[in-house]
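Next come the structures, one after another.
Shared between the two complexes below is subunit A, which pairs with subunit B and subunit C, respectively.
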Partner chain A sequence: MTLIVRSESPTTDRSTVWLEGRLDAATFAAFDEAMHDITPLVDNGGTLVIDLSALEYISSAGLRSLAQLRKQMHDREGRTLLLNPQPQVKKVFEIVKAVPVAEVFANVAELDQYLDHMQRQMTAPEG
Partner chain B sequence: MRLRIPNRLEDVFLALDRAEGTLDRAEVDPACRADVRLVLEELLVNTVRHGYPDGRDGSIEITLRIEADAVHLELRDDAMAFDPLQHEPPHLPGDIARRDIGGLGLHLARSIASDFHYARDAHGNRVVIRFDPFDEPAT
Partner chain C sequence: MVLRSVASRLALGVLLGSAIVLVVTGGLMLSHTREQILKQTEREAAAVSGWAATRIKGRIDGVAKVSQVLAGILGTRRDEAPALIRDTLAVNPELVDISAAFIPRNTDAPRDEDAPVARRAIDGKLSMGSRLADPELYWRAPWFVRGLNCEHGCWQAPFHSVERRDPLVGYSVAIPGKPRSVIGVADATISLDWLQQLLGELNKPEHASAFVIDASGEFLAHDWTSYIGTRGSKPLLAAIAEGRNPVRITPEMGGRVSEPVWVYFVPITGTHWTFGLTMPEQQVLADLRQAYTVDILLGVLALAGVSLIALVITRRLMAPLAVLSERVEDVARGELDFALPQLRRNDEVGRLTRAFDQMRHQLAGHIDTAKRIAREQERMTSELEIARQIQLALIPEPHWLAADGRIELHAALRPASAVGGDLYTYFTLGARHVCVMVGDVSDKGIPAALFMARTITLARTLATHARSPSDILGALNRELCKGNDTCMFVTLLCGVVETETGLLTLASAGHEQPVLHAGGSAILVDVETGPALGLDREARYPVRVLTLLGGDTLLMYTDGVSEAHAGNQRLYGTHAILDSVARIEEGAAPEAYVERVLGDVDAYVDGAPAYDDIALLALTWHDSGAEGVRLDAAAHS
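Coming up: the complex of A and B.
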């Protein structure tokens, strides 16, 4: 198996991308290309969710692609959140301290809760 | 398993699949299988990309030996001298988007292997690695 990328962009403030297979030196270019079409669909300040439930393997080449993606979203005041990494991916993330632990979620409910919280913080009156 | 491949990326990935098949048939624990694949990918891709700056044809030999309590991997190549152990560990600020993205592959390979040796002889580079399948840190 190589890599399958699927996405859904129901609103302009949030897109979800599902990865299935392996994100490595053989597949990262196809991933970068797919993301090139998907990230512009998210507004500045929006959220990109990468669902890793079916990603069984990542190597440093895949990490590099995720890093570029995070950087791109960050430059547009947006964020990239990671959902449900599997054991191998989790292990690799831990070894290289890939992402802040607060931006990795075990499931959609946890992620939604986080986004609601962020939303409330942004809309709460100051003082 | 003993395999000799040319220094081309497509052959690296064929070798990875062969190695994984061998480990699978020997019923090696899936976590260890993934570890071997990752270390192989990082080291072989690095050798193919950087080991032959003059663009010459080269050859890489991969030997995989599976024992009851360990998997042994040996890589030999005729690339320029390169000791993966001599590289400084990368700076890890806790977010890959905030760092220069080089050096992660070798760091992963070194962190995952249970034992890692390098030697250079008349034939070229030689790396010997051991994996302990049942020594996985609990996560």
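Coming up: the complex of A and C.
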């Protein structure tokens, strides 16, 4: 079983990455390398959305990769949001809490709502 | 043996190929040459036959002329017949006799004057006679009857006279007259000896024999004199009748020959005669055979030469290859130090030699590298073994009895490779508390092992003054977050038991839920988890409190147990762990729990290598005397 990484960067403030397969000790290095090319496309303060709908399994090594990715984005005032994990993957996030549960969304609408909310919070003081 | 070399095989191939070409072209050449020779012989024969036929015709034309002139004269000068024929005979030395035979005026009383004949004896003397002297009545004889019908003259059949040995033949012309249109026959006879003589004088090809045959199929003359006067064979006569020229006649066809012969013939105009030439086929083709034999011998010689040259050239070309083959065998044996053949040209062999030389050097380099890597790997292995020993030294003994035997625990640690990231530990906290931990560092191998060492060391140090697992995890988390750029983390389940009361406080940092075996049933203890240690500095860890009763056993484990699998097998799962635990007799020692679960997992993966590290810790509360009430509470710190 392998991991397939696809990405799309329509704007510089938001990129989406789709993961398919297994993210474990055997594939996390390939994932790290792929992300190494994708994260520079997102501006500082931008959002990286990782769509997990086709991810079947995640191990602690995979969680570490995601945590590291989140930390890197965080250091650039960016956000890493996880979208639509399958139940077994979602359960792992809930138990280990390697990334805050609040940053895992069940669908795009929920994600957009969150981003909208965040934007309003940032613009509120001026408006 | 000889054919094992490419050179010999090539030479043999060239020889065989050329031989096939030689045989095919030789066959074609033979048939073509045979036709040519037969055609040439035919031309030669035609020339000889034509010439002979002309000669014969010239000779007999003279005879015919004499007869025709005589017949013309005799029509009106019957009475002068004896004198006329005598004089005519005298001036025509080739004639044997001349007859002027008239139809008798009175057949009952024929007279000598009716049929005078002038004869030339063998000695040349002329004499006169009468055809009445013939044994049969001349006017009824076939030659006379036939002559009457030959107004323009015709040749009679050859015959032998009593006096002469040589065959004779007459030319008869009807004598015109009145009142009947025909009154007699003028006949001039010649000997056929000259014909025989002519055949002998002909400039024939060697071994050829000539003949002249008449319309009835009898040989008038033949080089084989015994054939004279006999009939020609059926195939010959048939061929002459049909005009098939030339014709091949064999003994099998009924020919009067002892071997196959070719017969060429030409009809002699003005007669019903045919001149023929017989050539034995063997003789006709003798030259061909000789020439062909010489050709074949030369061809074979050329073949042998070509093969020899091919052999020598290939040997020369292949010689360096033979050396290379031996060297390759050396390489196969692992010997790389040897001399290669001198490069003579930059052809395929030269390129091969150069490439082989490069290959040898590269191979030597690879072998050196491989040896170095093997040495390094060996060193790494021994270092890993030492690291394993050190890691195991960080872990306390698997079996522990504490609090005067009220607490008994048993643990096991099985790294998937030499070192691993799973851990368990236990220690006392002051006089009245015991702390147990089971943890799992993200990832496996050396980084995980180092992070595990850091965790287990920090845990003992930081826990010294704490009494609540929530505090222990919080302090440990803050410490592990420092400088953790790689985001390594550890999930940890921490339990603190009050040794006086059996009160158990649990807190979890993203770890698997423990199993409690109490009152004959196995249940998962639902501990709300906080984030794994090392990621979020602000993390908080809620506690779960419950009271252990005598004989209760708490089983803590890592995902190496719950997610054990082989290949594409389903994960082992917490339900399977609950089942394993439920089947254990109540009051069993913690060692039995560890052994049962490990045994069941091993049976499940059926000998497959472990996918992940395994840590397992069973804690049994032995307090038969205390009348405790099970307390079960969750609290958020």
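Here is the rule we go by: the second predicted complex is superposed on the first by the 125 of 127 C-alpha atoms of A that agree within 3 Å, B and C clash if a C-alpha of one lies under 4 Å from a C-alpha of the other, contacts with A are read in each partner's own complex, and residues count from 1 in each chain.
Convention: a contact is a pair of C-beta atoms (placed from the backbone, for glycine too) under 8 Å apart; a residue touches a chain by one contact, two chains touch by 3 or more.
On a predicted model such as this, the values are computed, not experimentally measured, just so you know.
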Ask   = A:P100 contacts which: subunit B (first), subunit C (second), both, neither?
value = both
Message = Between subunit B and subunit C, whom does A:K91 touch in the aligned arrangement: first, second, both, or neither?
response = first
Ask   = Is A:H74 touching the first partner subunit B, the second partner subunit C, both, or neither of them?
value = first
Most subunit A residues touched (candidates subunit B, subunit C) = B
Message = Just checking: does A:S60 make contact with subunit B only, subunit C only, both, or neither of them? Give me first, second, both or neither.
response = both
Inquiry  = Tell me the contact category for A:A25 with respect to subunit B and subunit C: first, second, both or neither.
reply    = both
Task = Figure out whether A:P10 sits in contact with subunit B (first) or subunit C (second), or with both, or with neither.
result = neither
Query = Considering each complex separately, which residues of subunit A are in contact with subunit B in the first and with subunit C in the second?
reply = 25, 60-61, 63-64, 67-68, 71, 95-100
Of all residues in subunit B, those that touch subunit A in their complex = 9, 12-13, 31, 34, 37-38, 41-42, 45, 90, 92-97, 99, 101, 104-105, 107-108, 111-112, 139
Remark   = The residues of subunit A that touch subunit C in their complex are 25, 28, 60-61, 63-64, 67-68, 71, 95-100
Subunit A to subunit B touching residues, read off their complex = 24-26, 56-57, 59-61, 63-64, 66-68, 70-71, 74, 87-88, 90-92, 94-100
Ask   = Quick one: in the complex, what on subunit C touches subunit A?
value = 440-444, 485-489, 491, 510-512, 529-532, 535-536, 539, 559
